[in-house]
Structures are given as structure tokens and as C-alpha cells.
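Below, subunit A partners subunit B and then partners subunit C, in two separate complexes.
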Partner chain A sequence: MTVVPAGTEAPSRVTDRTSIRYTPLPLSSSHPAASALAVEVHGLRRTYRTTTGTLRRRRLEVEAVRGIDLQIARGQLFGLLGPNGAGKTTTIRVLCTLLLPTAGTVRVLGLDVVSEAKSVRRQIGYVFGGDRGLYDRLSAYDNLRYFAELYALEPSLLRRRIGQVLEVVGLTGREKERVEGFSRGMRQRLHLARGLLHDPPVLFFDEPTIGVDPVGAREVRQLISELARAGKTILLTTHYMFEADSLCDRIAVISKGAIVAEGSPSQLKAAASDRTVVEVKAYGISDAVVESIRSLAGVQSVAMEVSDQAQLLVVQVSDADQLTGRLMQLLEGVRVDRIATREPTLEDAYVALVTAA
Partner chain B sequence: MSGLALAGSNRSHFWRVFFIGGLISYRALFYWISPWQYIPTMLGAPLFQILFFVYLGRAAGVGSTNFFVVGNSIQICSMAGIYGMTMAIANERSFQTLSPILATPSNRLALFLGRGLPVLITALQTCLFGFLVSALLLDFRPSLPDLPGLALAVLVTSASCTGFGMALGSIGLRVRDVFLVSNIAYFLMLLLCGVEVPIGRLPLALQAVAQLLPLTHGIAAGRALAAGAGFLSTVPDILLELLVGGAWAAAAYLLFAYFERSGRRSGAFDRL
Partner chain C sequence: MSIAQELAGPVFRRGPSALFWPRTLITGWFFQLKMQAQSGFMVLTALVQPLIFASIAMTDQQAGNRTLPLLYFALGAGIMGIWSTVVFGCGGVISWQRHQGMLEPLVMAPSPFVLVLLGVTLGTATVGLYSMGATLLWGWLVFGAHMHFAAPLLFVAAVVVTVVSLGLLGLVLGSSFVLYRNSNAISNMLEYPVWLITGLLVPLSLLPGWTHPLAYLLAPTWGVQALRAAAIGGDSAKPLMWCAVVSVAYLLLGVWLVRVVERRARQHATLNFQ
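The block that comes next holds the complex of A and B.
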């Protein structure tokens, strides 16, 4: 009598065990070791079809990414910079398997994002900026719990792991609260926690500090460099140049869907080192004056920021000594508060690149 | 932070996403879950609907109490089935959570179908409530030997309404104002599926449409069972109801799978 149940039970247990033993672990055996590159993008193009008008519909084709190449080595912290609409999010969403490339090949850890999408998904974490993309009516814990299930976390590890990621992003103690009561920064932290749940070796961060207060943003940056130190490969987009400068090993600047420069932060700065930045704080500079400054020989780029009533004119010039005089002539009649020259920063290099493109 | 094990087998992943994931997403997306919404919407309105039609039928001398009680008590499962299921899928769109979900390697079938179970339980619960108050307030006395059969008919009808709701939910992933469609579907079913009007009274074309909708066969079976016609005679209707619901659920999943694929092509996820 006892033979039958024992006999039927035993083999099924054994198969259970072996299947557990062969379960892939994200950090050890599961990703193909063949590729030394974490991300390889060759000739990526992506167009969107949209329509305008309600009655007379017109088809529109937007070329968001026009043939880019990217190579990110394992363990690298790579920054993708570029103005609004340059194609950063599009590129990241292709890498995250959420968008198909129109042309080109894209691999993550040697896995093709089109034909091996499911395997890619196990290896990546996707964190985007902003306060959407969370279940407002659930607690932070339940938000994470849901995704822990979707990422097939081992049930016995689940609670501990959620505790860990909450700790990492500094939300411990708030996890029982509904997300609808969370501030922007707290939501952003929850996004980060969610991206880390399954401990993926490759992380995509699309503007992770947007809307986070300065202290919080610094913590997010610390977390990102912590993750880089732990060996993660990270692709980061941001509009804050100092953030890219302080965090990234390499940076690519993308503009209108094409990569216009790539290198380490210091290489990019060096590219702009042949020039000097002249900053003029003034009141009432007209557009016509800006245009005439722009057309001066030796002026590389002109940008204007407005704060309160004051204007900050940032002019990149190849020869400051020669051009400052001309500049002052053009600014005659304008109330100038301060004029100063300085070495170019990464931001200046960036501005030069994207205005030239 | 290293060497994190993933769940043992694909099978356990499937069921965990189905049961646990389904319940969490129901709590996240089903708006009427708080008692302030639930009691008036899921219990109050159905109760008045039953009372209204039974008294109307009695006053006008058309239809029996049995006809209206069974028709309406089963029909109210479509509240949860249609609106609940539409919410439990389509609201991903308003939270913009579709991208993060589809970026996971999770089993899509479990992810999708798991949302149906809590809705089905909600639907059953409203039907049970409908029958109970009908027994208490309206002297509804179903045949006792056929009570298990009636329960089965209610279960199958609730499931098929849920399957139909899934299809609306899938549409809602792509269409902005799917609740308009849900509203139309809800009231069209009230009209076409033999809830208040015997199907035989409808124009032939509409009778044909009714055959393809949930409720129709389930209510027919339920009425026969409540009147004590015997379980066997209702088996064809119960099977048809199951078939209709299964077909809608399958269509819903295929639509979802199609939207996932075409969304990757068009870039439509999370675009409001």
C-alpha cells in the first residue's frame, strides 16, 4: 500500500529539484558569455508613423533615430545626451524590447532584442523618469510585489528582496503607504527600486532624476555610481551635464537622431578646449543683437539663458582676446552687468555639438 | 545584491502570476473596490434593477417572477464581468504601466487571464446577492433539486461575461474611450440576451446576434433549472454559454497578443 504513493511521489520531487538547479541566475550562468559588449547597436533606425488632422488625415513619418551605432562595454556607465526629441527615449525603448527597430541590429549581452526579446528582458532593468507608470492605488510594497512576480523572483526570496531594494532607494518605512500619496521624488525612487528587483546586469535609466529635489537627485546619483561599482552596465540619459560629467565613463551626444560625438567626458571637453566661453550678464539684449553676434567670425555658438529680468549670454569663441572687443561694440546701449571668460565645461561642449548639428 | 534566484519552474511562475498577480492587479485597477463604490454600484443598483423589473412585470402582468428574477440576477454578473474586466485590463493605459509590464519576461497568458479570476468571483458574488434578496423579498423559490445546476449555470455565465469583458479590456488598451463601448455592450446585452425580453420577440437578425453574446444561453439554462426542468435538459445551453465565453476570452487574448506585437512596431504603448 505504501509503495504506490512513495513510488509516484519520489520521481516528481527529483524532477522538481533538478529543474530548480537548472534555473538560470541572472548574474552567473544565464547570459551568454560570448559577447564582451553589454550593448551593441549597429545602424539603428527608427521611424514613427503618425497622422495629423481629424477630418483630412495626413500621414506623417517621423525619423526619430537615423542610423546610430553604440557599443557599451560590460560594467560601463554610459551617458546618452541630447536635446528634447533627439531620440534618446526611442533608443532606450528599442533596447528594452518595447519598440522594434525599423532597421539595424541591436543586441544586449549578445542577445538580439527582436528575436530573443524574452531573454533580453530577464537581463535588463528599465527605469524611466516622471511620476507615471506606477499603480497609484496600491502601496509601494504591492507595486514591487507585483513586479517581483512578473520577474519570477524566487518566492522565498521575495520579501527580503523587496526589503533590500526599498532600503537601497531609501523608501524603507514608507512601503505600506499608497503610491497616490507619494511625492514626485518618492515615485522616482520606487521606479528605481522596481528596476532593481530582479538584480539585472544591465540597467537603462531614462532621466532618472527628473523632478527629484537636489538632495534626492544626489542620492540617486550615488545609487547609480554604487550600481556601476557593483559591476552593472548602465545606460543613462539626462539633461543635466554635471550629472553626466560626474557619473559617466563614456558619453554619446545624439542630436536629431544621429550621434554627433562620443568619448569620455574629458575627451568631449577637450574637443571644446580650443575655445573660450564668454559670459555676459545683461539686460535687454535684442534678438537682432544675438543674431549679429552669432554671425561674427570666430564665434562658435551663442546661447542665451534668461533668469528674472537678467539675461545670460553664453558665447563660445575661438579667440577671446580678439572677440571681446567686438562683442562690447555690438552690446553698446545694452545694460551689461558683468562680463567674464572661462574654460569650457561639458555643458559648453555639449551646446557646441548640438547647435552645430 | 548578487545571485538572485528566479522562481523554480515555469509552471510555478505561471500560477503565481495568475493567482497572486491577478489579485494584485485587480486591486490596482478595479476602481469600484472600495466599499463606498462597491456597495451602491455592485449591490445597490442590481437590487433596484431586480425589484424594478419584477414589480413592473407583476403590474403589467407579463412574465413570471421566475422569469425576471433569474434573468436579472444572472445578468447583474455582467456588471463585474464587463466593467470590472474592462477596468482590470484597460486601466493599465491610464496608469501608463503597460511599458514596465511588457518589459518583464512574464508569461503573458497568465498575466492576462489571471485578471479574470477576481472579477469572476466578484461577478458570482453579485449574482448570489441577487438570488438571495429575490428569495427574501420577492418570494423567489427555485427548484431545490436543480439548485446545484442553477449554481453551475450562474458560474458558467459569470465566466463567459468575464471572457467577454476581457475582449473589451483588450480593445481598451488601444482605444481611448473604451468605457463608451462597455456601456453600449452592457445595455445591448440587457436588451438582446433575453434578460427582460424573451429572445423570440426580437427580430431574427438580433436573435442571431444574441447567440454570440454571453448571458443568452446561461439565462435560458438558469430559467429552466429554476423551474425544475432537470439538469440534463440544460446541458446544451450550459455548454454553449461556455463555448461563447471561451471564444470571447480566446479572442481577447489574441487581441492582447496582437496589440503587444503591433505596439512594439508602432510605438503605441502608454501613449494617451
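The block that comes next holds the complex of A and C.
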């Protein structure tokens, strides 16, 4: 496991403001002031048990998380990156008290997620991406009203509080409409509003911009940035590397249930600084050619993206000068549109880390 | 003025949480009722089947020139409808909430999950009142049933106690439905046997003796007896009292089950479909 020590540089957050704004609400009186760490995870393991087969039922055990250690300081915006099935959502669900850990200890603001689940729940907000998680037949206002009651919000503040969170997420004027008529972006905003209702000091965002249009996603990122600036502790999972790069103070990369690297975005990028990225935009690259490139000495990783008919081959190499010629030889007969070299980005570092794991 | 300045007072309510429970329960009940009253499936479940069964029973009664008043059958069919709504509502609503991704936010809220579920099941049982209204109206309009109630106040009390009792029985069922993803199959199995053994359409005295102990444990048995006695005449206090007694038992069992089930669901990851 590559563990990069904590950096001191300031994160480069999105700073411009459009329709979404956030001003901190007063923290609850029951807010625990004890722990300096917002999240402490030690040796977290989580195993799922399932069965397979029709006549002969066989029990299977899937180890989703295999001994994770994680520490998130108060006020930090922490990114958890990893491919599908790496254990990100399982980790967040354990932190949110929705799953019990198989082994290990997990604390949020010094509170144990198993024995003090109820206290933890008052201190956290969970915002997940996607269409689900709202009552479609109720209006946006009623959805928030119901959850405000479940979170035991002060009745005299309730109406005003709902109005404020609706304004924060830019849904003022649409609150009487049924959620079933909402677009994906509006639903995401409502998820955000619900997560902010009780003004939790710790927020978990599980792929909050997934499926949201670029403008909406940008606004969600701005809100997350403003929440972090207001002192909230945020754990964010995302598949969008630029999002993690622009928002997060620190990032952990998780693969196959274990953390393979941790550090600031620039530290993670530095971990891949010993290589150069060669990008080839071409048409008709066969799998055999990709495999030949992969087997070249000095090639660290090969990935191919397909967009319409064009292919974008991304090759991470230790010595671009030496390998570009060999690369072109292997691409003989392929229509090459463009070839370029560049410095590695966070995404390249991520690909390198996940591929090596 | 900033949001922080605009707000005065604490975010969370102060005082013992038990004082907030009625408010949380009533709000939950109201929103569940609001949602389910708009659901075509729930309304049809509450209306169509009871009317068919009420029609068969009342036609049979008229053709056979028997002595029981038509109101007797209209009330039985009404309770059948409430039971169908509860049994499908508890299974259907909870699996629907899981499909919608609602179970996780509900479990994650700091309010006791038993209150959240009780709001759902009481709301569902209340939607079942459509059945009662429909079968009484149907009996009066189509079959000419006499709508004379011997003890109107007791009848109203019996309706309230029966609905609450069925909602609490729904809590017991619903808490186990949270754990099993194929809960609809369980609810399908439970509808007809309960209709049969609780004397909703066939008098309890005509059923084999071994079914009686089971019938006495089920709220519809006492509910329909209390309603019939209050409407047609007879002792409605005793069945009403037993209905309240089994309701308390359902509540205690439900609270315990919900705790066990919530913990098991967190252990076995059955709160969502991923």
C-alpha cells in the first residue's frame, strides 16, 4: 500500500458562485465537542454472505471491505475514489449506521457507529446520487417536512428551515410540485436539501453528481465547496477525477476492499510523476495491438476509451522518447488522427494505482 | 441577513424524546395516508374485492331468505377490505420503499424506526376505511340493506379500535417484511386464510374448533364482532376489550420485532437492493 503523508498545501476549490449558496447554520446544542477527528476507522472489515445454485445451495462470502484504516480531520473534505465494487459505498454505509461492520471500530465525531448509532444519526447527513430515495407522490416540501419531523427539528423553526434549505439548493418556487415531475438534477438538489435540514457537522456524499447535467453538477460541486468552507466535514465518493481534484483536501484510493494510496491530490499526482502519458486518437486499433503495446517494456498501463467511432488510447510510459517510436511501429496500418504526450493527471495516477492493486 | 442570523433557538427539539413521539407518529401517519390515498393500486384493493364478496354474500342471503341482516355481511366484507389493504400495504409499501431507496433514509433518521413503521401501517389501515364505506354504501344502494345502527357511538369506537388494531398487526407483519426481499409472496399467502378463520364472511361457529384459538389471536375476529354487535345489537364491549388487548400485545411484539429486524437488516444488508 502506498501511503503518502499529509500535505500542507491549500486545496484548490471551486470558488465562483451561481444559484446555489450556503451560509452555515448554528450547530446543534448536542454537538459533541470531544474528538478532533471527525471520522476514525480502524481495521474495518465487512463481509456479505450470499447463496448460489438452484438445487445445491452453496454459501458464498464476499469480502467487500478488507481491513480499512481511515482518519478524517474535522473540517476536511475527503475523497474516496475507487472502481465499482471497490468498497466505497459499503464504507459509507457503515459510517452512516446502515450496515454493521464485520470487524473493526468505526467512530464519527468520537461516537461509535454500532453502540451509539442514534447519536451518530443526529450528527450526519447522507446525500446519495440517483433517482431513488424520495417520495415521488409527495411534493418537495412534504418530503422535507416529513424528514424534518423524523429528525426532531424544533417545530417553531421548521417552516423557515425548510424554506432556507430550499433556497440554498435553488428549489424555491418549486416546493409545491410533486417530486415525480422533477428532473434528475432537481431530485439531486432535493437530496441535498434533505441532507442539510438538520445542519449536520458531518456529511457523506455518495456520487452526488452522477447523471446530473454539467451545469447542475457544477452547482452541486460549488455547494459542496461552500459547505467545506463553512467548516463541515465531508466524505465524498465520485468517479469523476476532476471533481475530486478540484474539491478534496485529501483523497484515499480504494481497490478490492483495501486502501491502496492516500494523500492530497497533488501528492497522488506526484506518485505518478515518474511517467509520461501518451495519448493516441485513432480509428481501428485491434485488441491484439493493445495487448502488444501492453507487453512493451517500459509501458506502465494501457487504457482505451471509445467515443463514437474514434478510439483514445492512453498509454502511461516511463520514457516517452524511447517508446513513442515503438508505439508508432505497432500502430502501423491504423488510421492515427492525433498523438500527444502530457504530464499525468489525477486520473492517470488513479488508473496506475488501481491497475497495480 | 445570513441564515445563521435569521435562525433563533436550537435546531433540535428539546425535552424528553417520548414527548415528541405522538407528533412524529401523527406526521408519519398523515403523509403515508396522503401517499396511499393517491395510489390506484391501494384504492382498487380496498374497493373492488370487498364489493365482489359483499355482493356474493348478500345475494346468497337474499336468495336463501336467511335471518341475518345484510349489514352483517357488509361489515364483514368491509373488514376483509381493510385486512387486504393492511396485508398488501405493509408488504407492498415496505418493498416499494426499498425499491425507491427510502428504507435507508428512514432507518438513518434518529427517530425510532418503530414509529416510522407504525406511521406506515396505521396509514395503510386507515386507507382500508374506503372498504368499509364502500361496502356499506353498496349494501344500502344495491341491496337495500337497512342502515340502522343500534349503538352509533360504540360503532365509531369499534371502527377506530379495529383500524388501530389492524395497523398494529400490520406492524408485526411489516417488521418481518423489512427483512425479506420477497415480502409480496408472504402477503399473498396471508390474505385468504385470515378471511376464512376470523369469521368475516362465515360465522366462527361453523368453523372447526381447532381454528378458534388462532382466530382469537387475530384482531379482525374481535373487530368484526364488535362492529356487528354495535350495528345490529348485542354485546360490543367484550369484543372491543379483546381487540384492545390483542392490540397491546401486537404493539409489544412489534416494538421488539422491529428492534431485532432493524439490527438483522443492518447485519445482512437487506435495506436496499444493491
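Everything below uses one rule, namely that the second predicted complex is superposed on the first by the 324 of 357 C-alpha atoms of A that agree within 3 Å, B and C clash if a C-alpha of one lies under 4 Å from a C-alpha of the other, contacts with A are read in each partner's own complex, and residues count from 1 in each chain.
Keep in mind that, in the parts below, a contact is a pair of C-beta atoms (placed from the backbone, for glycine too) under 8 Å apart; a residue touches a chain by one contact, two chains touch by 3 or more.
For clarity, every value in this text was computed on a predicted model and none was experimentally measured.
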item: Fit-or-clash call for subunit B and subunit C when the two complexes are aligned on subunit A; value: clash
item: Contacts of A:E154 with subunit B and subunit C, given as first, second, both or neither; value: both
item: Touched partner set for A:R189, first subunit B, second subunit C, both or neither; value: neither
item: Partner chain(s) touched by A:L99 [first = subunit B, second = subunit C, both, neither]; value: both
item: Subunit B versus subunit C as contact partner of A:T89, first or second or both or neither; value: second
item: Which superposed partner A:R66 touches (first subunit B, second subunit C, both, neither); value: neither
item: Partner chain(s) touched by A:R250 [first = subunit B, second = subunit C, both, neither]; value: neither
item: Overlap of the subunit B and subunit C footprints on subunit A, listed as residue numbers; value: 23-28, 48-49, 93, 96-100, 118, 121-122, 124, 126, 128, 132-138, 142, 145-147, 149-155, 157, 161, 164, 168, 194, 198-199
item: Partner subunit A, residues of subunit B touching it in the complex; value: 1-9, 12-13, 16-17, 20-21, 24-25, 27-29, 95-97, 99-106, 111, 264-267, 269-270
item: Residue ranges of subunit C in contact with subunit A within the complex; value: 2-4, 6-7, 9-14, 17, 20, 23-24, 27-28, 31, 34-35, 38-39, 99-102, 104-111, 116, 263, 266-269, 271, 274
item: Residues on subunit A engaged by subunit C in the complex (per definition of touch); value: 23-30, 48-49, 89, 93, 96-100, 118, 121-122, 124, 126, 128, 130, 132-138, 142, 145-147, 149-157, 160-161, 164, 168, 194, 198-199
item: Parts of subunit A lying in touch with subunit B, wherever the complex brings them together; value: 16, 19-20, 23-28, 48-49, 90, 93, 96-100, 118-119, 121-122, 124, 126, 128, 132-138, 142, 145-147, 149-155, 157, 161, 164, 168, 194, 196, 198-199, 230
